[in-house]
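Before anything else, here is the set of structures, which you'll find just below.
Paired with subunit B in one complex and with subunit C in the other, subunit A is shared by the two complexes that follow.
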Partner chain A sequence: MKSIEATPRIPFKRWMTSSYPVWFYLPAGVIFFVFFLFPTIASLFFSLTRWTLFDAVFIGLDNYSQFFKEPFLFQGLRNSLIYGVVTSGMKVVLGMMLGVFLTSQIVARDYLRSVVFFPVLVSTVGVGITFTALMHPTQGFINETLELLGVKGPAWLTDPRFALLSVALVDVWKGVGLATVIYIAGINAIPIEYYEASEIDGASSFQQFWNITLPLARPATFTVIILSLIGGLRSFDLIWSMTRGGPGFTTDVIASVIYKQYQAGFYGLSTAGNVVLIVLVAAIIVPLSAFLNKREVEL
Partner chain B sequence: MKKNRFFYNVINILCLLGLLAACSPGAIEAPAATEALATTDAPAATDAPVATEPAEVVTITYYIDDNPTNVASAENQIAAFEAANPGIKVELETHPGGSDGDNLVKTRLATSEMSDVFRYNAGSLFQALNPQENLLDLTDEAFQANIIDSFKPTVTAGGRIYGAPEEAAMGGGILYNKKIYAELGLSVPKSWEEFMANNEAIKQAGKVAVIQTFGETWTSQLFVLADYYNVQAAVPDFAEKYTANQAKYATTPAALRSFERQEEIFKGGYLNEDYASAQFSDGVRMVALGEGAHYPMLTFAIGGIAQDYPDNLADVGFFAMPGDDAAKNGLTVWMPAAVYIYKGTSHPDEAKLFVAFLASTEGCDARSAANGATGPYLIKGCELPADVPPAVADLLPYFQIDGATAPALEFLSPIKGPSLEQITVEVGSGIRTAADAAALYDLDVEKQAQQLGLPGW
Partner chain C sequence: MSAARRYLISGSAILLSSVVFLVPFTFILLMALKDRKEASLRSFTLPTTYHFWDNLVEVIQTRNYMLLTAFLNSVILTVTSVTLLVILGAMAGFVLQRHPSKWTGLVNFFVLAGLIIPPAVVPTIWLLQGIKMFKTMHGMIFIEVAYGLSFSVLLFRAFVATIPRELDEAAIMDGAGPFRLFFEIILPLLKPVVSTVIVVQSVAIFNDFTNPLYYLPGNKNVTVQLTLYNFQSQFDTSYNLLFMNILLITIPPLVIFLFFNRQIVAGLTAGAVKG
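Now for the complex of A and B:
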């Protein structure tokens, strides 16, 4: 922001004839308009219509009032929050642990780092389908293994009590690699002198972790929280490929509630839902980000 | 194209070199051209590439859902059609079933990328396609004379007819395993009470009484949708009042009963252990092999049994969804899907030929040849083979008695709530009570009606 405000006003004529003329902006401008600005404006318009894809009838704010009446909207919202907080929290804890582990002097460190990162690279839908098979209540690998140990495993994805948490666990498995990489970078950026000084003062390794690594890796923690919370709140692909919001409506999140409107052919309604989702995610993330950034500066 | 022509040139030269015998027609895409070649003398060789240009062969596309029984019968029908019409080639394209498929069809229509001919539901889903804008008017085609009149309203919009049936009519009810019935000495139930007594007996014998397959949610709706005959028997004008926002599921006792029955099945503990994750194909297997006694389903599933478990086809029977009164036992009927022609097709005449073929006795014979008979066809002159499977033989008598059938609600009203399958999964898994579910479905119906812009909502 600052740099733009600081730029002095260039006279129009010089702007056109300078060695970097305004035409240079044109390709990017066209792409931005066609692929970003226009769809945003169009979706705002269509959210105010009853839209069958073939024709659109203007109905004012009816879609919004209908969307807020959606019986599973608030359950979806609650599930989104649970999912976002659970995945984000577990990614912070596990990512930090793995980060510390993978920055220490261990055998085959680089190999282990790539192993941890590998699930991030796999297609989400592929992961979803694979884990759906693994978590099958009677023929799945997980419950068959538990059975060998004499434990009757739960119906991971079809018991309403466990379904959402089962999907969240898979999300953590898939996403913790990214959190780990962020932590590795954050931990490596901590100057080695702090550790040397504390060692001379006789600090134990736990004290080093608690008093040096944890506070100084805070920027990494904030990044992980923000990224995984946004990801969790708008999460859809994994949930849809594993449970389709089911059994019944028990794992519906906001995004799947919106998708179901689209599936039912309520295109205007589902567009209105998307507008609401954007506003909602922004309303959670912008203040959170501002708060965390302020803490970071104070540090 | 260039590569193709080069390929043809090579083939032509090889043929002319006297290797003609080795050229099987299957290896070459345009059999008509090779025939021309075979009679051509050597000097004509330079003209050969022009002659092989498939100018006289028109290719039309045909878009259907990827259900294996439908694909198998479409392949059979296309082969028969191409044999009868050498100038036309039909290319098959498939899409997933259910709501994903609905979306693809609508998107293709909206973006003018629809195939020449496509197969899609009749009734309320057909109305949502905006037929006047998107489909070719087939009212005045000669083949309409072959089609049984009761089908036509389900593909009519604004007084014009847009489709032709491509499938047998279906019944919704219970497929049952005859071996289990024989073993336990049970008889086919005519009332809900008898049905529950049978379930209890089957459960006492240590067997699965009712198969449910909520891994594919659409399969959960049968207790409600196939119960419509019983609703109509109690409230004859339910469809009208329901469409006009005057009758509700939650407040009409006969309609609420549908949800309550599904709840009773769950509470009775009659379900297969993996009901929550089993798929449709599991359900077909279980009822065919006797791993379970009852599978509430549409009779098109008989085609799947014929394909995958032909040896067990004789073990499966069918009865209509039982209601409270044994004297008023009858069947809820589903109209078959229809084939339509896209208005923007560049080959309307060829497409009409193909649809006319599908709506003829050759068309239904090709379907029967692929899957066996699954029910009565709505095309005049389409006879069922004498040796129909027992489940189909159980189905046919309902059609022969006056008043023993009623169309499913989706053919009487344009409104079907989109969340019914999730709601019935919840009732069938004991997550939600029947009364609660019926009230929730009423809300779902209200949303659909408002989106359709119907009067009175």
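Now for the complex of A and C:
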């Protein structure tokens, strides 16, 4: 940005009639500021208070120290991280496998692409309720099927050891279609000549994948990582519709802690959780995308 | 690949994908057809007796036709928010791409912030109460617009870059002011990206559960995603009605999917190629 003094003041009339008027930002800017930015900035203050929505008593960092001391609150932070990393990692691996497979010469390719993508568009809560029924420990379809194969399935959502991962699996089921279409777009953008040349040199299809597809689909990988991390870290509706944070607090994530504290009337504590979530997401996504973009330039 | 091997691989892929991706949808359908007692078993079997019509009527009549209210509310919310997102997003994206100024850096920063930062929930409720917009449809519309703007601006900015500047210059030479230039020359040319924004944002807003849960409580304000609460309670869940409800609210996205699949994929993969 240049210094403001250097540009002469633009008269009001030109400001109104310029072909690309700056006030075109105004309606969008006002809505964005009032309904998004302002509450975000206000949250920094309210997280330091005991708050009834009508009056706020300043209590310093008490809400934060409570958040980090209480195991059931802090577990939300840990679970958000696990959930974000697990779903993001699985979406990268599965999305890339599906992307490679669905760009190869197979029959019914369009049908398969549609089937994989459709869950992305379906109501998350509906998916959550459906899988809660399918994952029932004894009556559910999944464990009944496993039993036919002679395997005793875990108590997916009621066993504290598996509950969070089970929800993460459903998240991957619902979201992998998005990762797949991103990979399909990325792989289709790779010039076909590279594959032809490598074929003449006698490269195997694995070598082609490792030396051509993988490095050249890197922008797609970055997009998938960033998008699914943002989504995974703030995930709420799927977890809420499947476990409500249970059993106990084992599947609570920050977003569900925020909701529970809000319902309980601890508005200051809820807002402190919200600030923790904002900082967590920003602290992970901003350096990560800067790092990934830098790698991009070096290529 | 030999033809036989190709068919073998494709065949197993079709089989596997059907199990993984179609079983849950089949399950929803089967449950919606059963009577209450049979549905409570939640087993993956064909219904012994079919109750599609009974369940449909009962779901619609539950709690004084709440589902119809919800569909109406969701449609109003979705249509209005998406209209605003298209017009305001296109205006901002247009100027952002065409006219670098001292604001450009700040606007770009806000666009990224809007994409990354999760909203601060309780302060937003406090704000909405302060300006008398809590539990109101217009308040909810503004929220959806504020949360969706970044993505819209990003798509519009990228697409405006593909429209030659000579067109603007010709229009300006002919004496077009900023309004005519934007609404009569540029906006019609943005049609492909407009349809992408419409489709992607309407699916997102129609499926939104979290924001109406916080900002639009109350029975008369119910939206479709929240109707699923009606048939769910800890001890007494009517699974046949619950799944009929899921089935009904899955139909609009299904219709959009059948007609606009290409726009959705185009919108969601924008940026994946060049990073």
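We take it that the second predicted complex is superposed on the first by the 258 of 299 C-alpha atoms of A that agree within 3 Å, B and C clash if a C-alpha of one lies under 4 Å from a C-alpha of the other, contacts with A are read in each partner's own complex, and residues count from 1 in each chain.
Everything that follows uses one rule, which is that a contact is a pair of C-beta atoms (placed from the backbone, for glycine too) under 8 Å apart; a residue touches a chain by one contact, two chains touch by 3 or more.
Everything numeric in this text was worked out from a predicted model, so none of it was measured.
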Contacts of A:Ala282 with subunit B and subunit C, given as first, second, both or neither: second
Touching partner for A:His136 - first (subunit B), second (subunit C), both, neither: both
Which superposed partner A:Pro71 touches (first subunit B, second subunit C, both, neither): first
First, second, both or neither for A:Phe38, with subunit B first and subunit C second: second
Subunit B versus subunit C, judged by how many residues of subunit A each one touches: C
Partner chain(s) touched by A:Tyr262 [first = subunit B, second = subunit C, both, neither]: both
Overlapping contact positions on subunit A, where the subunit C interface meets the subunit B interface: 53, 136, 139, 262
Touching residues on subunit A, where the partner in the complex is subunit B: 50, 52-55, 57, 62, 66, 71, 136-139, 155, 157-160, 244-250, 260, 262-266, 269
Partner subunit A, residues of subunit C touching it in the complex: 1, 6-7, 9-11, 13-14, 17-18, 20-24, 27-28, 31, 41-44, 84, 88-89, 91-92, 94-96, 98-99, 101-103, 105, 107, 110, 113-127, 129, 142-143, 145-147, 149, 153, 168, 172, 177-178, 181-182, 203, 207, 209-210, 213-214, 224-225, 228, 232, 239, 242-243, 246, 249-250, 253-254, 256-257, 261, 264-265, 268-269, 271-275
Interfacial residue positions of subunit A with respect to subunit C in the complex: 1-2, 4, 7, 17-22, 24-25, 27-29, 31-32, 34-40, 42-43, 46, 51, 53, 101, 105-108, 111-112, 114-127, 129-131, 133-134, 136, 139-141, 144, 173, 178, 181-186, 189, 218-220, 222-223, 230, 233-234, 236-237, 241, 255, 258-259, 262, 267, 270-271, 274-275, 277-278, 281-282, 285-286, 293, 296
Touching residues on subunit B, where the partner in the complex is subunit A: 99-100, 102-103, 106-107, 109-110, 128, 130, 133-134, 214, 217, 273-274, 276-277, 418-419, 422-423, 425-426, 429, 431-432, 440, 443, 447-448, 450-451, 453
